[in-house]
Amino acid sequence: MKIDLSTKIGKLKFKNPVLTASGTFGYGLLINEIFDISRLGGIITKSITIRSRPGNPAPRIVEAACGMLNSIGLENKGIENFLDEVLPKIKSFNTNVIASIAGETVDEYGRLAEKLDRNVSAIEVNISCPNVKKGGMSFGQDLSSTKKVVKKVRRKTSLPVIVKLTPNITRIEDIAKASEESGADAVSIVNTYEGFSIDIYRRNSKLGGFSGGLSGPAIKPLALFAVWKVAKNIDVPVIGCGGIMNFSDAIEFFMAGASLIEVGSATFSDPNASLRILKGVKHFLEEENIKSIKEIVGIVDEN
Amino acid sequence: MNKIRDYYSTVVNNTLIDNNIYLIEMFLPEFDGKAEPGQFMMIKIDETYDPFLRRPYSILECKKERLKILVKIVGKGSEMIAQKKKKDRLYVLGPLGVGFSVDKNSHSVLVAGGMGIAPLWFLARGLMKGKKKFSIVYGERTASLLGKEMDKTFGERVFFVTDDGSRGLKSTASDALPSFLDNLPYRESTIYACGPHGMLKEVINFGMGRNIPVYVSLEERMACGIGVCLGCSVKRKGKYGFLTVCRDGPVFKGDEVEI
Amino acid sequence: MKIDLSTKIGKLKFKNPVLTASGTFGYGLLINEIFDISRLGGIITKSITIRSRPGNPAPRIVEAACGMLNSIGLENKGIENFLDEVLPKIKSFNTNVIASIAGETVDEYGRLAEKLDRNVSAIEVNISCPNVKKGGMSFGQDLSSTKKVVKKVRRKTSLPVIVKLTPNITRIEDIAKASEESGADAVSIVNTYEGFSIDIYRRNSKLGGFSGGLSGPAIKPLALFAVWKVAKNIDVPVIGCGGIMNFSDAIEFFMAGASLIEVGSATFSDPNASLRILKGVKHFLEEENIKSIKEIVGIVDEN
Amino acid sequence: MNKIRDYYSTVVNNTLIDNNIYLIEMFLPEFDGKAEPGQFMMIKIDETYDPFLRRPYSILECKKERLKILVKIVGKGSEMIAQKKKKDRLYVLGPLGVGFSVDKNSHSVLVAGGMGIAPLWFLARGLMKGKKKFSIVYGERTASLLGKEMDKTFGERVFFVTDDGSRGLKSTASDALPSFLDNLPYRESTIYACGPHGMLKEVINFGMGRNIPVYVSLEERMACGIGVCLGCSVKRKGKYGFLTVCRDGPVFKGDEVEI
């Protein structure tokens, strides 16, 4: 049986719905040494900022129950470095390259979008990073800021605009709706959950940056529910993300309403995770006699 | 660089070689046995999600399809690895990072503190095989079986120091280093160090003061081990920016990083 | 060394700060067959409603990564049954018996509080249950409803009033502040996180009640951070809850700002968990030469 | 009732007795060996939090400090328990719930579907020891080694049915029950059943129709196993309200619960 795994965001075609999550895959170059990443539906870069950012002090990683806390703090070399040094190397990947952007102001988001216009396949607008003092999650926790950022980005680029939402909020469906209304072509759900962990002997946070974001299997049931809540409420595609470790997790996200998924921390426990998940999804559809991934998107609902 | 692969390996042997320290030998199918001293492997503990992350371990020795590591129990993950028995299976990713590159024209002085011996053991074995001259300054809290093992393997090349004087000089490795070097009959030496943070700092400072090149192997919390998460960054010295311990290191030149 | 474990909520004394969380300990009677529950600082009953409630359809429990989802739906026999049948049996426990109450309306909360006045040691006001259609979490997600409920309960009882908050919210510290201002003597943080899980072969939620609440170690970093955020912002005691499995988790909560803690799902994996944790806390304080638990409450803060 | 305790037990033996089914024998220090057939134990899988909850298993046999259970692999938890080896340790909480109480004045007919045999095996062994007459109707998909074991242990008392006719009658246990009972030379009988949902339903309906008392042992998802979480509630029949499978059951009278 020929399985149709393809899907679309706006006019952008994806050969399959498996992407890699921002900040967990670098720019694809290193993992491309392990497997041919062109087989994936797309990759999303580490979030890019206007200026180079050093990131947060160590330790930036601490293990949590069935997951991890990170407080990287958006370390990256800035947009110019990305355009000059990184982009030439990754442009040749035979898959969608989505640039994640993070600004400290609405204006910065606009400038980033403008610079990336025509250079990548799509833009993911990160308004949900819990690990920075300025910008980040505070935009995504506020309806009017969300609208301002999305509208600004929308005006500055003709690329598909994906808005990455924070789950640290009462009604994520409202922010998703606002994003859609402001011109987003898709939303990705979710970024990490705010948390931390204490070293009881040193009497301090285990993270150099004090608080961090929780990712991994621990958050899966929450992320899945967020996807379900949002998918019912908007018409643009939802990209599901949060604790996806295997094909079965991925299928859960599709059934809850995600049209695509992002594999995040799973890559740390298995660098082949995204490819393995892609294969597993395909195999599941074959076994269950499902001809197109679209048949199962959002199939689960309350009775 | 050698191709990074995830080996589904089998424990061949697990021996308690010291209080809380295990020597684990594994069979890695298809592993070509090529790795540099200082490189490490990321070990997946089991199939469940708790513990979630892999744990980094230096290569102690390796050859075709074989790998040895030294595991000290310091927490849950290391304890679970240490409890693996013969025939138990483990995913092992590697070899990772950049190891030691030895300056052949100068005398190698290996400075190890405690478990910092793992990558230097590998280095020393290589030097021995290459019939190169080298010395080891090995510091530990108290005389251990691991030290005895070193004595057996590297003989006179090892200069022992212990915090409590139970073997060799009562000193720390970094304190003992200056006079040890002064007594060496070589004009040029290069230091290769691995051990606790404080020790590395002192060794670097000493080397800079004397204009002796120092290479250190660092440890940092790691998630991916391959350079994609930026969890293990260390500050560059002098220049702006960070380097990743897992990809740019774990071995750095002493004046390259701020520790 | 004599360790002082005692603490207070309003005028109510607790011999130690280890309580058991509502819905995870029944009324204490069954576990009292396993160990002497009078050794604990107190127990909190399953939430009591005005009328008897049958609860949600099965399955009500599904395992999640490092945790569990439940959708019990406040099954209980109602306040009259509690007063007539249960209370006489548990009054004799030599520890604080805290009654948890859940109403569908503000008025119901008031009536429950009134009926319990003088009958128990304190009241925990559950405005955070994610598993009911009416009331529950919807109160706790709204500032003005929170105030109304707390004020009503406050007027109807002279007992210490504890308000149990939901973490499914953007700013839990605001709801905590509102509770304090409305007369709460303490807040407990947190109730479960909304989530669910899908059976990909049956194409349906694994829970009879569709969605459920996530508890257990998976949520610990999030709950701990919620406690820290709230404790800095209010003056009344915070009761920490969420994924506490051992003494070390408990100490983390104290250091983040909790004056007392509740042990929840841990009791399922070990019925002796609460007692074991109490002993562990005491032992830690001894080892670390800390004379009173109060010394470490809230000791961890950003630099 | 026997005191509930959490036994830190040791695996004494683990034998694969059928495709995917393991017989595990454990040593439970200080366990007095007293339990009713139908009672169960909650087994903690290991020290990590994944899997998180204990898993319920019927007591297959027990005596002083010894316990046997039958584990069928159906998912992650059962697989991990099934993989335990000799000397591995497990926390085992119990004995839990209310078991079968046998009516001594009537002939016992045990109806088991597949793994539903576990509690009934225990019951049958007790009846055998007490020299009581009883019959077993044992239904399974296809002839298994487990059935062979039953044949060996209970001989002629077992009436075999299989879905595919590979042993005994080609039928299901519930379909075969009526004529089986008709052919029994006893006036009064009581049915004790355990197995898949559908089978239990049919057995209950049959019993009600014929006025034969039926006792069923139910399975439900459990978190606590001791009656405090209300995760395992089943609806009362006729009356309003719920009963917990773990505390009020797992054995119920057929007309007590709605299934």
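As written, the chains take the letters A, B, C and D, and residue 1 is the first residue of each chain.
As a working rule, contacts are C-beta pairs under 8 Å (C-beta built on N, C-alpha and C of every residue); 3 or more make two chains touch, one makes a residue touch a chain.
All of these numbers come straight from a predicted model, not from anything done at the bench.
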Chain located farthest away, centre of subunit C as origin (C-alpha): B
Interchain centroid distance [CA atoms averaged], subunit B/subunit C, Å: 47
Length of the line joining the C-alpha centres of subunit B and subunit D, rounded to whole Å: 55
Whole-Å gap separating subunit C and subunit D, where each centre is the average of the chain's CA atoms: 36
In subunit A, residues with contacts to at least two other chains: 64-67, 216-218
Numbers and ranges of subunit D residues touching at least 2 other chains: 49-51
Pairwise touch network: line, ring, star, complete, or other: complete
In the complex, subunit B residues that touch subunit D: 48-51, 76
List of subunit D residues in touch with subunit A within their complex: 49-50
Residue ranges of subunit A in contact with subunit C within the complex: 64-67, 69, 141, 168-170, 193-198, 200-201, 203-205, 210-212, 214, 216-222, 224-225, 228, 243, 248, 251-252, 255-256, 284, 288, 296, 299-300, 302-303
Touch list for subunit C against partner subunit D, complex: 23-26, 30-31, 33-34, 46, 52, 54-55, 58-68, 70, 72, 75, 77, 216-218, 245, 265, 267-272
Complex interface listing, subunit A residues touching subunit D: 65-66, 217
